[in-house]
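Here chain A shows up in two complexes: once beside chain B, once beside chain C.
Take a look at the complex of A and B:
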(Lines of atoms letter the chains of each structure in order from A and count residues from 1; the text may use other names and numbers.)
(Lines give C-alpha, C1' and ligand atoms only; values in the text may rest on other atoms or scores of the structure.)
Protein backbone atom coordinates (compact mmCIF):
# COMPACT_ATOMS: atom_id res chain seq x y z
CA UNK A 1 0.00 0.00 0.00
CA UNK A 2 2.79 2.38 0.90
CA UNK A 3 4.75 1.52 -2.24
CA UNK A 4 1.65 2.05 -4.35
CA UNK A 5 1.06 5.41 -2.74
CA UNK A 6 4.61 6.58 -3.32
CA UNK A 7 4.43 5.47 -6.96
CA UNK A 8 1.23 7.44 -7.43
CA UNK A 9 2.87 10.47 -5.87
CA UNK A 10 5.93 10.14 -8.07
CA UNK A 11 3.67 10.05 -11.10
CA UNK A 12 1.99 13.21 -9.98
CA UNK A 13 5.37 14.85 -9.47
CA UNK A 14 6.43 13.81 -12.98
CA UNK A 15 3.24 15.15 -14.51
CA UNK A 16 3.82 18.49 -12.88
CA UNK A 17 7.43 18.69 -14.04
CA UNK A 18 6.78 21.97 -15.88
CA UNK A 19 5.50 23.54 -12.73
CA UNK A 20 8.37 22.20 -10.68
CA UNK A 21 11.00 23.48 -13.13
CA UNK A 22 9.35 26.88 -13.02
CA UNK A 23 9.44 26.77 -9.23
CA UNK A 24 13.06 25.69 -9.12
CA UNK A 25 14.14 28.50 -11.45
CA UNK A 26 12.69 31.27 -9.36
CA UNK A 27 13.13 30.01 -5.83
CA UNK A 28 15.75 28.39 -3.65
CA UNK A 29 14.00 25.05 -3.91
CA UNK A 30 11.11 22.87 -2.89
CA UNK A 31 10.34 19.81 -0.82
CA UNK A 32 7.36 17.53 -1.33
CA UNK A 33 6.56 15.20 1.53
CA UNK A 34 3.84 12.81 2.57
CA UNK A 35 1.87 13.53 5.68
CA UNK A 36 3.62 10.81 7.64
CA UNK A 37 6.94 12.61 7.18
CA UNK A 38 8.31 10.64 4.22
CA UNK A 39 10.09 12.63 1.52
CA UNK A 40 8.70 12.33 -1.98
CA UNK A 41 10.66 14.82 -4.06
CA UNK A 42 12.98 17.68 -3.47
CA UNK A 43 15.39 19.96 -5.22
CA UNK A 44 17.70 20.12 -2.22
CA UNK A 45 20.18 17.56 -1.00
CA UNK A 46 18.73 14.85 1.16
CA UNK A 47 19.98 16.07 4.55
CA UNK A 48 18.64 19.60 4.10
CA UNK A 49 15.34 18.27 2.81
CA UNK A 50 14.98 15.89 5.76
CA UNK A 51 15.76 18.71 8.16
CA UNK A 52 13.14 20.92 6.55
CA UNK A 53 10.55 18.16 6.67
CA UNK A 54 11.31 17.38 10.29
CA UNK A 55 11.27 20.96 11.52
CA UNK A 56 8.67 22.58 9.35
CA UNK A 57 6.19 19.79 8.77
CA UNK A 58 6.33 17.50 11.72
CA UNK A 59 6.73 20.10 14.44
CA UNK A 60 5.40 23.37 13.27
CA UNK A 61 2.80 22.73 10.59
CA UNK A 62 0.77 20.36 12.77
CA UNK A 63 0.79 22.90 15.57
CA UNK A 64 -0.44 25.63 13.24
CA UNK A 65 -3.21 23.39 11.92
CA UNK A 66 -4.40 22.52 15.39
CA UNK A 67 -4.31 26.17 16.45
CA UNK A 68 -6.54 27.12 13.54
CA UNK A 69 -8.97 24.34 14.34
CA UNK A 70 -8.95 25.36 17.97
CA UNK A 71 -10.07 28.85 17.01
CA UNK A 72 -12.82 27.59 14.71
CA UNK A 73 -13.56 23.87 14.28
CA UNK A 74 -14.96 24.32 10.80
CA UNK A 75 -11.93 26.18 9.55
CA UNK A 76 -8.77 24.61 8.23
CA UNK A 77 -5.32 25.78 7.28
CA UNK A 78 -4.91 26.21 3.53
CA UNK A 79 -1.53 27.82 3.28
CA UNK A 80 1.23 29.09 5.49
CA UNK A 81 4.05 31.56 4.90
CA UNK A 82 6.92 31.80 7.34
CA UNK A 83 9.00 34.82 6.48
CA UNK A 84 12.51 35.06 7.85
CA UNK A 85 15.30 37.51 7.18
CA UNK A 86 16.99 35.42 4.54
CA UNK A 87 14.13 33.65 2.82
CA UNK A 88 10.54 32.61 3.12
CA UNK A 89 8.91 29.22 3.52
CA UNK A 90 5.69 28.76 1.58
CA UNK A 91 3.94 25.67 2.90
CA UNK A 92 0.85 24.21 1.25
CA UNK A 93 -0.58 21.29 3.21
CA UNK A 94 -2.93 19.05 1.31
CA UNK A 95 -4.46 15.62 1.68
CA UNK A 96 -1.92 13.16 0.31
CA UNK A 97 1.12 15.40 0.54
CA UNK A 98 2.54 18.76 1.56
CA UNK A 99 4.70 21.03 -0.53
CA UNK A 100 7.17 23.44 0.98
CA UNK A 101 8.89 26.00 -1.22
CA UNK A 102 11.82 28.11 -0.07
CA UNK A 103 11.56 31.51 -1.67
CA UNK B 1 5.54 52.55 22.96
CA UNK B 2 1.80 53.12 23.21
CA UNK B 3 2.00 55.86 20.59
CA UNK B 4 3.69 53.41 18.27
CA UNK B 5 0.93 50.89 18.96
CA UNK B 6 -1.81 53.44 18.31
CA UNK B 7 -0.11 54.30 15.06
CA UNK B 8 -0.02 50.68 13.98
CA UNK B 9 -3.68 50.13 14.80
CA UNK B 10 -4.74 53.26 12.93
CA UNK B 11 -2.72 52.23 9.93
CA UNK B 12 -4.32 48.81 9.73
CA UNK B 13 -7.84 49.76 10.61
CA UNK B 14 -8.19 51.72 7.41
CA UNK B 15 -7.95 48.66 5.21
CA UNK B 16 -11.38 47.39 4.19
CA UNK B 17 -10.64 43.71 4.58
CA UNK B 18 -9.41 43.78 8.15
CA UNK B 19 -11.61 41.89 10.62
CA UNK B 20 -9.57 42.64 13.72
CA UNK B 21 -6.24 43.73 15.13
CA UNK B 22 -4.70 42.47 18.35
CA UNK B 23 -1.52 43.72 19.98
CA UNK B 24 -0.13 41.20 22.45
CA UNK B 25 2.83 41.74 24.75
CA UNK B 26 5.62 39.23 25.23
CA UNK B 27 3.72 37.43 28.01
CA UNK B 28 0.74 36.71 25.75
CA UNK B 29 -1.40 39.37 27.41
CA UNK B 30 -3.42 41.43 24.93
CA UNK B 31 -2.58 45.11 25.20
CA UNK B 32 -4.93 46.47 22.58
CA UNK B 33 -7.61 44.84 20.50
CA UNK B 34 -10.45 45.62 18.17
CA UNK B 35 -12.20 42.26 18.59
CA UNK B 36 -14.24 40.94 21.49
CA UNK B 37 -12.40 39.89 24.61
CA UNK B 38 -12.80 36.11 24.66
CA UNK B 39 -11.75 35.74 21.07
CA UNK B 40 -8.82 38.06 21.66
CA UNK B 41 -7.52 36.04 24.58
CA UNK B 42 -7.94 32.85 22.59
CA UNK B 43 -5.96 34.27 19.67
CA UNK B 44 -3.32 35.70 21.98
CA UNK B 45 -2.49 32.42 23.70
CA UNK B 46 -2.54 30.34 20.52
CA UNK B 47 -0.47 32.80 18.56
CA UNK B 48 2.20 33.26 21.22
CA UNK B 49 2.69 29.50 21.41
CA UNK B 50 2.87 29.29 17.66
CA UNK B 51 5.30 32.18 17.40
CA UNK B 52 7.72 30.77 19.93
CA UNK B 53 7.64 27.42 18.13
CA UNK B 54 8.18 29.16 14.80
CA UNK B 55 11.18 31.15 15.92
CA UNK B 56 12.72 28.05 17.48
CA UNK B 57 12.19 26.21 14.23
CA UNK B 58 13.83 28.94 12.19
CA UNK B 59 16.79 29.03 14.55
CA UNK B 60 17.21 25.31 14.45
CA UNK B 61 17.33 25.29 10.67
CA UNK B 62 19.77 28.19 10.51
CA UNK B 63 21.32 29.82 13.57
CA UNK B 64 21.84 33.19 11.95
CA UNK B 65 18.32 33.49 10.57
CA UNK B 66 15.39 35.12 12.34
CA UNK B 67 11.61 35.04 11.99
CA UNK B 68 10.15 38.24 10.56
CA UNK B 69 6.49 37.34 10.00
CA UNK B 70 4.03 34.49 9.85
CA UNK B 71 0.93 34.26 7.66
CA UNK B 72 -1.69 31.58 8.13
CA UNK B 73 -4.22 31.39 5.37
CA UNK B 74 -7.33 29.44 6.23
CA UNK B 75 -10.47 28.90 4.23
CA UNK B 76 -12.28 31.70 6.04
CA UNK B 77 -9.64 34.31 6.65
CA UNK B 78 -5.97 35.12 6.85
CA UNK B 79 -4.08 35.74 10.07
CA UNK B 80 -0.90 37.78 9.78
CA UNK B 81 1.41 37.73 12.78
CA UNK B 82 4.40 40.03 13.12
CA UNK B 83 6.75 39.79 16.10
CA UNK B 84 8.28 43.11 17.11
CA UNK B 85 10.75 43.89 19.86
CA UNK B 86 8.33 44.29 22.74
CA UNK B 87 5.08 42.94 21.39
CA UNK B 88 3.36 40.92 18.66
CA UNK B 89 0.90 42.26 16.15
CA UNK B 90 -1.90 39.93 15.03
CA UNK B 91 -4.12 41.03 12.17
CA UNK B 92 -7.09 38.95 11.04
CA UNK B 93 -8.28 39.84 7.58
CA UNK B 94 -10.56 38.54 4.87
CA UNK B 95 -8.51 37.35 1.94
CA UNK B 96 -8.87 39.64 -1.02
CA UNK B 97 -10.32 37.33 -3.65
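Take a look at the complex of A and C:
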Protein backbone atom coordinates (compact mmCIF):
# COMPACT_ATOMS: atom_id res chain seq x y z
CA UNK A 1 0.00 0.00 0.00
CA UNK A 2 1.45 3.37 -0.95
CA UNK A 3 2.34 5.78 1.85
CA UNK A 4 -0.44 8.25 1.08
CA UNK A 5 -3.12 5.55 1.25
CA UNK A 6 -1.77 4.16 4.49
CA UNK A 7 -1.73 7.65 6.01
CA UNK A 8 -5.32 8.22 4.78
CA UNK A 9 -6.37 4.87 6.25
CA UNK A 10 -4.67 5.49 9.59
CA UNK A 11 -6.51 8.81 9.92
CA UNK A 12 -9.87 7.24 8.97
CA UNK A 13 -9.41 4.30 11.37
CA UNK A 14 -8.31 6.65 14.16
CA UNK A 15 -11.19 9.08 13.57
CA UNK A 16 -13.71 6.22 13.42
CA UNK A 17 -12.40 4.05 16.27
CA UNK A 18 -15.80 4.18 18.06
CA UNK A 19 -17.67 3.25 14.90
CA UNK A 20 -15.27 0.43 14.19
CA UNK A 21 -15.65 -1.13 17.62
CA UNK A 22 -19.45 -0.72 17.43
CA UNK A 23 -19.41 -2.42 14.01
CA UNK A 24 -17.27 -5.28 15.31
CA UNK A 25 -19.57 -5.80 18.31
CA UNK A 26 -22.81 -5.81 16.34
CA UNK A 27 -21.80 -7.63 13.17
CA UNK A 28 -19.96 -10.74 12.02
CA UNK A 29 -17.07 -8.51 11.01
CA UNK A 30 -15.60 -6.22 8.35
CA UNK A 31 -13.02 -6.20 5.58
CA UNK A 32 -11.26 -3.17 4.10
CA UNK A 33 -9.24 -3.54 0.92
CA UNK A 34 -7.48 -1.17 -1.42
CA UNK A 35 -9.12 -1.06 -4.82
CA UNK A 36 -6.10 -2.88 -6.26
CA UNK A 37 -7.16 -5.88 -4.16
CA UNK A 38 -4.71 -5.54 -1.27
CA UNK A 39 -6.25 -6.47 2.08
CA UNK A 40 -5.81 -3.50 4.42
CA UNK A 41 -7.81 -4.11 7.62
CA UNK A 42 -10.20 -6.76 8.88
CA UNK A 43 -11.75 -8.26 11.98
CA UNK A 44 -11.82 -11.71 10.33
CA UNK A 45 -9.07 -14.30 10.10
CA UNK A 46 -6.81 -13.81 7.08
CA UNK A 47 -8.26 -16.65 5.00
CA UNK A 48 -11.84 -15.43 5.35
CA UNK A 49 -10.84 -11.83 4.68
CA UNK A 50 -8.81 -12.75 1.58
CA UNK A 51 -11.76 -14.79 0.25
CA UNK A 52 -14.15 -11.86 0.69
CA UNK A 53 -11.69 -9.50 -1.02
CA UNK A 54 -11.26 -11.93 -3.92
CA UNK A 55 -14.86 -13.03 -4.46
CA UNK A 56 -16.79 -9.92 -3.38
CA UNK A 57 -14.48 -6.94 -3.91
CA UNK A 58 -12.56 -8.18 -6.95
CA UNK A 59 -14.98 -10.35 -8.90
CA UNK A 60 -18.53 -9.48 -8.04
CA UNK A 61 -18.19 -5.76 -7.20
CA UNK A 62 -16.16 -5.03 -10.33
CA UNK A 63 -18.79 -6.83 -12.45
CA UNK A 64 -21.56 -4.90 -10.69
CA UNK A 65 -19.81 -1.59 -11.34
CA UNK A 66 -19.36 -2.37 -15.02
CA UNK A 67 -22.97 -3.61 -15.36
CA UNK A 68 -24.23 -0.29 -13.98
CA UNK A 69 -21.90 1.64 -16.30
CA UNK A 70 -23.06 -0.48 -19.27
CA UNK A 71 -26.67 0.41 -18.47
CA UNK A 72 -25.89 4.13 -18.12
CA UNK A 73 -22.34 5.49 -18.48
CA UNK A 74 -23.27 8.55 -16.38
CA UNK A 75 -24.43 6.41 -13.45
CA UNK A 76 -22.22 4.98 -10.69
CA UNK A 77 -22.60 2.20 -8.15
CA UNK A 78 -22.63 3.66 -4.61
CA UNK A 79 -23.65 0.86 -2.23
CA UNK A 80 -24.83 -2.75 -2.25
CA UNK A 81 -26.75 -4.93 0.19
CA UNK A 82 -26.62 -8.60 -0.64
CA UNK A 83 -28.83 -10.83 1.46
CA UNK A 84 -27.96 -14.52 1.45
CA UNK A 85 -29.45 -17.37 3.41
CA UNK A 86 -26.80 -16.97 6.14
CA UNK A 87 -25.55 -13.36 6.05
CA UNK A 88 -26.07 -9.89 4.71
CA UNK A 89 -23.13 -8.26 2.93
CA UNK A 90 -23.02 -4.46 3.05
CA UNK A 91 -20.52 -3.39 0.38
CA UNK A 92 -19.39 0.25 0.12
CA UNK A 93 -17.02 0.88 -2.79
CA UNK A 94 -15.08 4.11 -2.50
CA UNK A 95 -11.68 5.50 -3.51
CA UNK A 96 -9.07 4.30 -2.58
CA UNK A 97 -10.76 1.68 -0.32
CA UNK A 98 -13.74 -0.68 -0.42
CA UNK A 99 -15.30 -1.85 2.81
CA UNK A 100 -17.60 -4.81 3.35
CA UNK A 101 -19.45 -5.38 6.61
CA UNK A 102 -21.08 -8.75 7.26
CA UNK A 103 -24.35 -8.78 9.25
CA UNK B 1 -40.95 -19.89 -22.50
CA UNK B 2 -42.20 -23.39 -21.81
CA UNK B 3 -45.92 -23.88 -21.17
CA UNK B 4 -45.54 -24.68 -17.48
CA UNK B 5 -43.58 -21.48 -16.80
CA UNK B 6 -46.04 -19.35 -18.71
CA UNK B 7 -48.93 -20.88 -16.74
CA UNK B 8 -47.02 -20.28 -13.48
CA UNK B 9 -46.35 -16.68 -14.52
CA UNK B 10 -49.94 -16.02 -15.54
CA UNK B 11 -51.16 -17.21 -12.15
CA UNK B 12 -48.56 -15.12 -10.29
CA UNK B 13 -49.32 -11.96 -12.32
CA UNK B 14 -53.08 -12.50 -11.89
CA UNK B 15 -52.79 -13.15 -8.15
CA UNK B 16 -50.53 -10.10 -7.70
CA UNK B 17 -52.29 -7.62 -9.99
CA UNK B 18 -52.74 -5.11 -7.13
CA UNK B 19 -49.10 -5.38 -6.12
CA UNK B 20 -47.97 -5.00 -9.69
CA UNK B 21 -49.95 -1.81 -10.27
CA UNK B 22 -48.77 -0.44 -6.90
CA UNK B 23 -45.17 -1.22 -7.90
CA UNK B 24 -45.61 0.45 -11.27
CA UNK B 25 -47.09 3.58 -9.69
CA UNK B 26 -44.42 3.99 -7.01
CA UNK B 27 -41.27 2.94 -8.88
CA UNK B 28 -39.46 3.55 -12.16
CA UNK B 29 -40.59 0.12 -13.27
CA UNK B 30 -39.95 -3.63 -13.18
CA UNK B 31 -38.51 -6.41 -15.30
CA UNK B 32 -39.25 -10.14 -15.04
CA UNK B 33 -37.11 -12.63 -16.91
CA UNK B 34 -36.84 -16.38 -17.00
CA UNK B 35 -33.57 -17.62 -15.61
CA UNK B 36 -32.50 -18.62 -19.12
CA UNK B 37 -32.51 -14.89 -19.95
CA UNK B 38 -35.83 -14.63 -21.77
CA UNK B 39 -37.67 -11.38 -21.04
CA UNK B 40 -41.11 -12.27 -19.72
CA UNK B 41 -42.81 -9.12 -18.41
CA UNK B 42 -41.87 -5.48 -17.95
CA UNK B 43 -43.22 -1.99 -17.51
CA UNK B 44 -40.22 -0.54 -19.41
CA UNK B 45 -39.72 -0.20 -23.14
CA UNK B 46 -38.19 -3.30 -24.72
CA UNK B 47 -34.67 -1.87 -25.15
CA UNK B 48 -34.38 -0.83 -21.50
CA UNK B 49 -35.83 -4.12 -20.30
CA UNK B 50 -33.49 -6.19 -22.47
CA UNK B 51 -30.49 -4.18 -21.21
CA UNK B 52 -31.47 -4.83 -17.57
CA UNK B 53 -31.95 -8.53 -18.26
CA UNK B 54 -28.56 -8.72 -20.00
CA UNK B 55 -26.46 -6.59 -17.65
CA UNK B 56 -28.18 -7.20 -14.31
CA UNK B 57 -29.87 -10.60 -14.52
CA UNK B 58 -27.39 -12.38 -16.80
CA UNK B 59 -24.00 -10.87 -16.04
CA UNK B 60 -23.99 -9.31 -12.63
CA UNK B 61 -26.51 -11.54 -10.80
CA UNK B 62 -24.91 -14.75 -12.05
CA UNK B 63 -21.49 -13.49 -10.89
CA UNK B 64 -22.96 -12.52 -7.52
CA UNK B 65 -24.52 -15.95 -7.08
CA UNK B 66 -21.26 -17.72 -7.91
CA UNK B 67 -19.24 -15.38 -5.63
CA UNK B 68 -21.54 -16.26 -2.71
CA UNK B 69 -21.27 -19.99 -3.55
CA UNK B 70 -17.46 -19.68 -3.78
CA UNK B 71 -17.38 -18.14 -0.31
CA UNK B 72 -19.66 -20.85 1.16
CA UNK B 73 -21.12 -23.62 -1.00
CA UNK B 74 -23.99 -24.08 1.50
CA UNK B 75 -25.04 -20.43 1.25
CA UNK B 76 -27.36 -18.93 -1.38
CA UNK B 77 -28.02 -15.43 -2.65
CA UNK B 78 -31.62 -14.40 -1.79
CA UNK B 79 -31.95 -10.67 -2.53
CA UNK B 80 -29.87 -7.67 -3.62
CA UNK B 81 -30.26 -3.92 -3.27
CA UNK B 82 -27.89 -1.96 -5.46
CA UNK B 83 -27.87 1.79 -4.89
CA UNK B 84 -26.42 3.88 -7.69
CA UNK B 85 -26.24 7.64 -8.09
CA UNK B 86 -29.52 7.67 -10.04
CA UNK B 87 -31.52 4.57 -9.02
CA UNK B 88 -31.87 1.69 -6.62
CA UNK B 89 -32.12 -1.79 -8.14
CA UNK B 90 -34.03 -4.37 -6.07
CA UNK B 91 -33.12 -7.77 -7.52
CA UNK B 92 -34.96 -10.92 -6.41
CA UNK B 93 -33.62 -14.10 -8.01
CA UNK B 94 -35.99 -17.05 -7.76
CA UNK B 95 -36.90 -20.13 -9.78
CA UNK B 96 -37.93 -20.01 -12.62
CA UNK B 97 -38.03 -16.17 -12.69
CA UNK B 98 -35.90 -13.23 -11.59
CA UNK B 99 -37.50 -9.88 -10.95
CA UNK B 100 -35.85 -6.48 -10.74
CA UNK B 101 -37.67 -3.38 -9.54
CA UNK B 102 -36.10 0.02 -10.09
CA UNK B 103 -36.69 2.69 -7.44
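Everything below uses one rule, namely that the second predicted complex is superposed on the first by the 101 of 103 C-alpha atoms of A that agree within 3 Å, B and C clash if a C-alpha of one lies under 4 Å from a C-alpha of the other, contacts with A are read in each partner's own complex, and residues count from 1 in each chain.
Definition applied: contacts are C-beta pairs under 8 Å (C-beta built on N, C-alpha and C of every residue); 3 or more make two chains touch, one makes a residue touch a chain.
Treat the numbers as computed from the prediction; the structure is a model and nothing was measured.
In the superposition on chain A, contact of A:56 is made with both chain B and chain C.
Looking at the shared chain after the overlay, A:85 reaches both chain B and chain C. In the superposed pair of complexes, A:8 makes contact with neither chain B nor chain C.
In the superposed model, A:24 makes contact with neither chain B nor chain C.
Of the two partner chains placed around the shared chain by superposition, chain B and chain C are both touched by A:75. Residue overlap on chain A between the chain B contacts of one complex and the chain C contacts of the other covers 51-52, 55-56, 59-60, 63-64, 67-68, 70-72, 74-87. Every residue of chain A that touches chain B in the complex is listed here, in rising order: 51-52, 55-56, 59-60, 63-64, 67-68, 70-72, 74-87.
Taken in their complex, chain C has these residues touching chain A: 51-52, 55-56, 59-60, 63-64, 67-68, 70-72, 74-87.
Of all residues in chain B, those touching chain A in their complex are 42-43, 46-47, 49-50, 53-54, 57-58, 60-62, 64-76.
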